[in-house]
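First chain A sits with chain B, and in the next complex the same chain sits with chain C.
And now, the complex of A and B:
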């Protein structure tokens, strides 16, 4: 037994394993400091009335207050609506663009990938400013001018409950597909040509090849993009904060924005932490069901 | 070779770890330590009486209060050091956008700056957090006596004084002189005597210009989107018998029937066609652009410094300078009061910003407290205040500032200066008696119910009565049936 322990100790300290642990330790340290610690800290704060110079323990009060707050539920509903409207359409658009780019030569593919990825590099704030200009509510606004061509009167895009959510959704549809396109394209290039050739021999049409060859092969990619897309969408904050501030009548108040307001506007860190953990739980449950029902045949 | 690579890789990894850790080190702090190292006087003695020549550093987080304010930081620090050779004023500049975030980050880390330039409206928020330093016992009678009483009151909460005010600016309206006169509005009389809602309504109707069905100029445009979302209603209700969200007996005021009447009037001005129906989406920048390009006769909110901005744009237009606002016309900016409602007296909305004093986790020593007060007073009075307030076109609120400004020239319309004096004479008084907890509840109610509902009202999605009922029920839920005004 002692011999075994000595052998393990020797391997740990003198073999390559020691170096491996050393390098892992660094990553672990960074993870512990910048991910695990904030999460544990948020968990503890969620049971406190937090104050910089001394907090007090309040039990489940922050959770009870959140569940009793109609705005919290409204923000959850808004976030779900936003997610349902943006994620599937964004995936479909990314997939369609990737399919359209696929037949091109590599250099042209790269050019298109760069063009579509450009919005991801640009500052989100700058993008929002451009969209604010596009959604100018007066007749001189770009979107309103466009509608005017079709004889439709000008719209108060971000100022009306009827159009504010749609405006944010449209913004999501028309920007930031770069990452998904690149991932889809990589997956498409990974499909062996022999499958297409076999389908050709069977006389399959373009859509039949798409449905019976491409879609099944891309299922792991789609699942990955769907899960990350839903997580990202549930955490959406910037667009609502910069474009509408959550209005009008809280029609675009997303849960991320509500958490931000509670924490940094009202200094109610306890309630914000509680709501963050509830949001994390919701995301975890949705991700579980996504893997459960859509990831049956997918292996990672 | 392999061994060398391992050692090199380890060194790199170690550097990475150390740099990551270094980012978390606490190098800040509000320098309480400096002062505590010096021989201190009696802890129980008032700080103002502590004469200490020990070296100390005072930190200040300051935004660009006026156009050239931040350019003068070096000179300010030098002048302060010349006045107090043992003291160093260390100024950290911040943009207006970053200011709150920077300050709140430092506050939550327990090491805020000694002084930060913030609106007096934020004082209660920080008092509730326990991070402000009460300087009542450290401010000398000479310092306190230098300030006008009304703005100084805004820096108080309960019995504590938490800094010195820099200025008291009135949120008014601004008119285009040419358009006002074309519409037959006696603006000089309005500046002196004010106007009622009905008079105002008729006046802005006359300011509307149409080209067929299309409105080319509105009578009145007020910014309502983004940071300006609270301003419009907040300014109007002060002139309808509700100078504060709470009555003197601390009952929530916006459940009064007068509130409903103001909401009806707000809707009426849009339905008249005097204001754009897209009002809820018009932000501060947009409405100023509309004003300079002649798309509205009156705009709000109007700050004194807008006269300066309009004058500068006029000069650019005259000089054919390409940086003038595109499509703008020469504008003579006229300060106008907000109309009064329902026979209630006019009460103007003051914005008091100033140098607020913070404390860190450690209890500040009396010496340090006295030094912070010296720095806050230095910034809020005398030459610094004179230069800043002149640049902003705002009235001086310290005797020393007025004296220092006497030799400085300001290109300002004397009618506007006189109008502002009238407005200052009936500015809403400060309410340091409102407990921070009650104030915080009112702010949250405003953000979560009033502003969203008001946006819906402006967009014609709900009726004034619906908004009133929503505010009333939220207020009763928050403050109780006995905690709100019932009339």
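And now, the complex of A and C:
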């Protein structure tokens, strides 16, 4: 009897496994064809000089050329500057807004969440078009008129290497932080009241509670947003491409844009592939250290 | 919430405090919404060259001339919207179906190689898209020769690892006993999936559908790479071309931006609940 039960169970399991393979078949095929194969292929291309009819093997030449290219280093520096200026500010803003939304009733919280999230559903191309006009270099441009109120002269926002990077950063500051705000708020609502009560008994002030209860509790959330934020920021390409084209004088050429230009403007597929793999390595190393130093007791 | 003082004695203090906070929040809201406001207000201006255009922050009149100007730019401008709809719609449907099937298999069915295959999928999320873009482009254009077709626009995105992960997380939380008892009743795995898993996962699948649709609608990069005639372009690529061809036409450019963005605003306002829920579904554990 037990034997029979076991056979039946095994047969069922076997049938289940067949179903499982059927359920994941297309997903795996898509993954193999459009992710796994391209990654392997990128490695191979990075050691070749690509030509449509038979590429030639060039060893590490693409890597050597990239590291010897001052523009590559400049693009990495630009990317780091952009990341350092945007990601921490975005985290601070989102954190502050989430804290400020907290005392309101649920319906009002939802309304604020919706308002802050709204810009995120507008396409990046549409927003770049709008910002292009906000940064109109003529005195009638909106930013210039705003500066005029403070008695500061006309700026050639996107056209001058002194202000182009800052213009992209400012645009990031004023774009949607809705996602991070909502995630922070959800984490805030998950903090049990008893911690605040204990702090109250000790006579803790608002800022003491913020520092000793809220900040430690939100550390996993902050780590998550920091890591995803940095990863996203290192791949930034679209705004630079659409608004400045990387200029002036490559002041806003990010790594993502440089790779794009090498691939689809100069058709240097080998160099583009090599640089993209270096970028992947940089992102992996940074993420590793973030987890290492900030994620000590964070559980996932 | 007890992060804030309760002010049990005085009645006015909390109101004053909340009013002050609300002012700060509203100022920040105005700053983030301003570009959208500016886009919509300006799109009602006349389609004249920028030299004559005067930026106003308050609409003096409402004219739809600039919208017509945008649509007149190319005889395919309506087609761009249709293309975006076709691509985003297809990608949405395939993602919901394939990701939920795979998510169910990965979370509830035991089979050989499950963990290895799933980790393999997950590792893909850490690879920046710059790595795959060149080989993917070569594959679509030089190997399959399907550039400038719907297939090229849709195929690479028919199911994303992120959505599989999302589905697995959610379906994994459905009690296994329900599935076991259905099996005892004689349901096949496909029946279990369609009659139990899908009805129980409706909300999360709706979230997935909406976010995938918006994401695909707003994508610029891939359609820009694999289309080379106006006829096959999506609205985002069309908008970019319009901008480069009419650098001085301020109001029509704003109208074009509005045309590309407004469908998503409408979607957002009608399905707001799902959008806001969707943000936390994948991000926060527990």
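Basically, the second predicted complex is superposed on the first by the 270 of 300 C-alpha atoms of A that agree within 3 Å, B and C clash if a C-alpha of one lies under 4 Å from a C-alpha of the other, contacts with A are read in each partner's own complex, and residues count from 1 in each chain.
Following the convention adopted for this analysis, a contact is a pair of C-beta atoms (placed from the backbone, for glycine too) under 8 Å apart; a residue touches a chain by one contact, two chains touch by 3 or more.
Quick caveat, the model's predicted, so the values are computed rather than measured.
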Chain C versus chain B on the shared chain A, clash or fit after superposition: clash
Partner chain(s) touched by A:26 [first = chain B, second = chain C, both, neither]: both
Touched partner set for A:115, first chain B, second chain C, both or neither: second
First (chain B), second (chain C), both or neither touched by A:264: both
Residues of chain A touched, compared between chain B and chain C (which is higher): C
Partner chain(s) touched by A:103 [first = chain B, second = chain C, both, neither]: second
Touching partner for A:53 - first (chain B), second (chain C), both, neither: first
First, second, both or neither for A:280, with chain B first and chain C second: second
Contacts of A:156 with chain B and chain C, given as first, second, both or neither: first
Segment of chain C intruding into chain B (one of 6-14, 24-32, 168-176 or 186-194): 186-194
Interface residues of chain A shared between complexes with chain B and chain C: 19, 23, 26, 30, 33, 52, 136, 264, 269
Residues of chain B touching chain A in the complex: 6, 9-10, 13, 16-17, 20, 24, 100-101, 104, 107-110, 125, 128-131, 214, 225-226, 229, 276-282, 286, 361, 440, 443-444, 447-448, 451-453, 455-456, 458-459, 461-462
In the complex, chain A residues that touch chain B: 19, 22-23, 26, 29-30, 33, 51-54, 71, 135-139, 154, 156-162, 245-250, 253, 261, 264-267, 269
Residue ranges of chain C in contact with chain A within the complex: 1-5, 14, 17-18, 21-22, 24-25, 28-29, 31-36, 38-39, 42, 50, 54-55, 98-99, 101-102, 104-106, 109-112, 114, 117, 120-121, 124, 126-139, 142, 155-156, 158-159, 161, 164, 183, 188-190, 193, 214, 217-218, 220-221, 225, 236, 239-240, 243, 250, 253-254, 256-258, 260-261, 264-265, 267-268, 272, 275-276, 279-280, 283-286
Complex contacts: residues of chain A adjacent to chain C: 12-13, 15-17, 19-21, 23-24, 26-28, 30-31, 33-39, 41-42, 45, 52, 93, 97, 99-104, 110, 112-119, 121-127, 129-134, 136, 140-142, 174-179, 182-183, 186-191, 193, 196-197, 200, 206, 209-210, 213-214, 220-221, 224, 231, 234-235, 237-238, 242, 255-256, 259-260, 263-264, 269, 272-273, 275-277, 279-280, 283-284, 287, 300
